[in-house]
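Please go over the structures that come below.
In the two complexes below, chain A is the common chain; its partner is chain B in one and chain C in the other.
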Partner chain A sequence: MIPENVMNEPSWYESSARARINGLLDADSFSEILGPVDRVMSPHLALFDLPPAFDDGMIIGRGSIDGRSVAVAAQEGQFMGGTFAEVSGAKLVGLLRAVARSAGTPQAVSTVFLLLDTGGVRLQEANAGEMAVSETIRAILDVRKAGVPVVALIGGRAGAFGGGGLVTACCSHIIISEQGRISVSGPEVIETNKGVEEFDSRDRALVWRVTGGRSRVLLGGADAYVKGDIASFRKSAAQVSNSVPSFSLQTLEQEQERLEQRLQAYGGCRDTPEIWTIAGLPTPDGIADLTEDEFIRLLAKEGIRHDAR
Partner chain B sequence: MTDWTKQRKERARRLEEVASLVSGKVVQPASVTPLLERIICSGDRVCLEGDNQKQADFLAECLTQVDPSQVHDLHIVQSGLVLSEHLDLFRLGIARKLDFSYSGPQSSAIARALDQGKIELGAIHTYIELFARYFIDLTPNVALIAAVSADRNGNLYTGPNTEDTPTIVEATAYKNGIVIAQVNKIVDEVPRIDIPGDQVDFIVEAPKPFYVEPLFTRDPGAVTETQILMAMIALKGIYAEYRPRRLNHGIGFATAAIELLLPTYGEQLGLRGEVATHWALNPHPTLIPAIESGWVQQIHCFGSEVGMDRYMSARPDVYFIGHEGTLRSNRLLCQNAGLYACDMFIGSTLQIDLAGNSSTVTPDRIAGFGGAPNMGSDAHGRRHVSDAWLKAGHEAAGHDGPLVRGRKLVVQMVETFGEGMKPAFVEELDSIALARKLGMPLAPVMIFGDDVTHIVTEEGIANLLLCRDADEVEQAIRGVAGYTPVGLARDRAKVEALRQRGVIRRPEDLGIDLLQADRNLLAARSIRDLVTWSDGLYAPPSKFRNW
Partner chain C sequence: MEKFTIHARAKATLSGKSANAITGVVASGNLEILFERKGDSLDVTVDVMTASHGYQPVWEAVIKDFVERVSPGGMHIAIHDNGARPDTVLLRLMQGARLMEAQS
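== the complex of A and B ==
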């Protein structure tokens, strides 16, 4: 069979951050803030003999989706692993603060999209990076409080690990593809600290079974699952803004309860097929082997029990 | 009076020796080593079926356990020397002499053993060359082979990996030799008979299924933009120019990139149905998108590939499938097909010298030849014509006419800098140093320069057919050698003149947009995409997964 979306649509996983933005937004609608020509670069990388990037691997700006005004930030996962660092962090935090401040004004945007593709904090500028993560989290919560949804799109090569995993979890809504991964400690980190018996980072099927898009969406760690082409991400992103629950104390309390129940039910499991067995899913061992269409049908039947959003 | 039946009597004597160890044709696993000790005599030529993929690993292990004081000085004649047990035979003094084709994972160990004098090397062959010698002067006395199942009469079902087995058995059984098969299972009735039971003397049910090496899987996720550019250059500068319909692809990422570009870039060039319709090819998973989009009419296979069996069984219009429903491969016949019935071979190499000689030998590794020298050589016995073959021949001759025969297109693809930024273009091949070290009269060269018709690098194509003397060949090669020392030493004026004549063609000469060389141009960008293309029929080994 000829899989049209694989064949004809550029893949999110394969594409650069800029190509993702171009595919996500209405044609020619993107206007970049602090673009490469402004050359706001990392002041630290030269110390390590590492080449900087003109945009520090963080692309921010505004544009529109189906005519609605949105703000967007995209990490380039192929530059330094898409890391949170001083300049890239400041660009992201600045964008989020501007969105929060402009809420209710003529400059307001309807939604913020975060195209995260990151291994976490950039080790060469770790302190600035850790601060960037915490400032980003604070800024995301302020934007949500101002009534503007913050949507994470996860499907890049680097996944969303470390601080990137935390930032993702703080968003209003998460869209993920099969290849997307969300976690805090990455597979190699777990293996290094706890040994290969705890987690074999080279067992690729295991890595995706635990951190990958299918498991995340089935467990409620993501709210929408899309095929891996850019057009599918765009379609899902365009539908999002009305489906996000309010950011209230009640929502958080309900979510806390749901997470406690989840821990109780699955806390003893070593691998996701054990979870699917307890959850009563059909073919618990074969979830990873379903075709995309089969999995999307399964998801439609099971429904999505989403996290604190 | 001359005794004309000495071999037959010797065979009968040996069979008699082991009568107490067997029940009909069936041998118990524990009896295999004692049986081998009695049935194999010192100095015998033994084929311990090691193919490119399938390995008679249980019989190999048993053979390493025979008493070297009883059985020694064996002459091993087999295509693939792949298992560590194969080398143990030499280390333990059970075997002494070796004639083979391919060593793959044991290539360093063989080089060391040769260096230490543990192996007396007959020759390194191509596959069909060794098979040919099975029938002339390297006929095995004993063949130890592998199959999927056997019935009690010794009829064998080899499964999709038939590979070398029919050839080995033919040579051994009809020349008074002894054939012993390890099978995964002894059954009442085999699904199909690949080897008739009257050619098989003994069968043993091995404790675990025979090992098959996955060799032909290339992860689309690891294809680089440089390889995509080279594939675009090859498609536009060679496939579209010569229109070869019948061809063989070597293993490697460069050819995998071509396979993955057929449904996209190849389609843009309007080549579907015009090129690459008939193949001599291993079951490359990366060809699935081209098959599914209607490029391929049929494929004959040397062997199989791990994970491809269900897909091929479901595509019997494309592959050669037995009436019972699984692939039938055959290395001898497919190699022959590649030699005589293909208009083009295209494959990767490691080193190319200034005469276009191409080699995969490094100073400390002897990987052997396998099939590439036959796939990548002009068959002088060929008499049928095709447009691609004639066009190449006419370019080489500089004219056409009733006595100007064609040429096979033999294309070598190589990035100017290989692994570890080692230049692929060299003044002298490493294989010459190796030959000097081991005292070999002929250096191991994969494809000689006089057979190579085109060299493709990311810098463009050098068309050696259009070169009129050795100096032009040298400058054409330097002209596509980029920033390697060989490339930097080019004569600018001569290279520019060759470019004017179309001997060298750069991507811009071909109208190729470098920015189009993007991974999104691949019809499948991951192993997962290949599974999707195959309707879930392709089942890749888990090391290739990222889901």
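== the complex of A and C ==
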């Protein structure tokens, strides 16, 4: 059952990218860069007889959270599956580069928030999309190197798949909800390549059990778990700033070691309950059935094991 | 994809201070609409790009209905449609007009 305080809140999962930005930032603080009126659109979709979007499904700009200046980029997951493409990618990379360049100046922002909601690269402009993913990764690392945290917020309908999964993993901090999913190869892709015995993409419980927010945060692939309403994402985002570990070689080496240990411990598992059994969690078969409050209590008890962050 | 422009004349200009507004998303069965204020004229222009072919008469009927209800004089309206039904189109047009009528 949905708790009453969540039922009446706008849901992150159900909201458009613009509604998420408005709920995340201080009221009326958002100032968009290259907005719909500028009509910076994909030049490729017409070739495929597809309608474009005025913002190419990527909304970028600046605003504030609790008065602190931040940069924000949000993908519209409902347009072309929230894809990385030439124009949308250039907007995101441009924003990140501007943030890195302005670090330490009066125009600096305290944090970058990436509201990712994507199935990966847009197939109609795939080469440009792949380039956009790699340029985005480079730009995120440059922003982190300049001392500005990059925070991913994952809870949209398309999840964070393909290049979106890689980009998410490169962020300083990841906030996720139960509905959020992070992975590289999507369920359909795995099933197509390896067969239904490997992964049944129509088994929704399996998909969420493996790629969903609860598993990701228990395994350390996300750093904060929130209920699926916009206000919870905002609250968690507002608290982030000072809890991000330094972006150093030592951090990365420690993480590499942790991931090797993780692979050793769980590499033979076929499904998440097997992992939770080895990890010694109570009710390993019932993690998905816990209420949000019960899960958050479990998480507080177990602690979060960071991934490279 | 089909592209066409529909011209209409409203009885009055649309009130409000917003220079532009966007509503909706180019998702399956949905559409996005960008409203831009172009002076005090009574003219209304609607640029339509739609993934569904052969529905221009339906678009003209929906927009005629919208113009009669709201009188959006001075509006330039641009639409990217991905197969929205007429009732969804009218709903989005009404939402867009409401955003334009905002006083700040």
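Simple rule for what comes next: the second predicted complex is superposed on the first by the 306 of 309 C-alpha atoms of A that agree within 3 Å, B and C clash if a C-alpha of one lies under 4 Å from a C-alpha of the other, contacts with A are read in each partner's own complex, and residues count from 1 in each chain.
Just so we're on the same page, a residue touches a chain if its C-beta (ideal position, glycine included) is under 8 Å from a C-beta of that chain, and two chains touch if they have at least 3 such contacts.
Only a predicted model underlies this, so the values are computations on that prediction, with no experimental measurement involved.
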Partner chain in contact with A:A205 - chain B first, chain C second, else both or neither: first
Of chain C and chain B, partner touching more chain A residues: B
Touching partner for A:P10 - first (chain B), second (chain C), both, neither: first
Touching partner for A:E178 - first (chain B), second (chain C), both, neither: first
Which superposed partner A:E292 touches (first chain B, second chain C, both, neither): first
Touching partner for A:F79 - first (chain B), second (chain C), both, neither: second
Chain B versus chain C as contact partner of A:A53, first or second or both or neither: second
Chain A residues contacted in one complex by chain B, in the other by chain C: none
Contact set on chain B toward chain A in their complex: 263-264, 289, 292-293, 519-520, 523-526, 528-529, 532-533, 535-536, 542-547
Complex contact set, residues of chain A against chain C: 16-18, 35-37, 46, 49-54, 57, 76, 78-80
Of all residues in chain A, those that touch chain B in their complex: 1-3, 6-7, 10-11, 13-15, 178-179, 203-205, 207-208, 212, 214, 288-289, 291-292
Interfacial residue positions of chain C with respect to chain A in the complex: 1, 20, 22, 25-28, 30, 32, 34, 36, 49-51, 78, 80-82
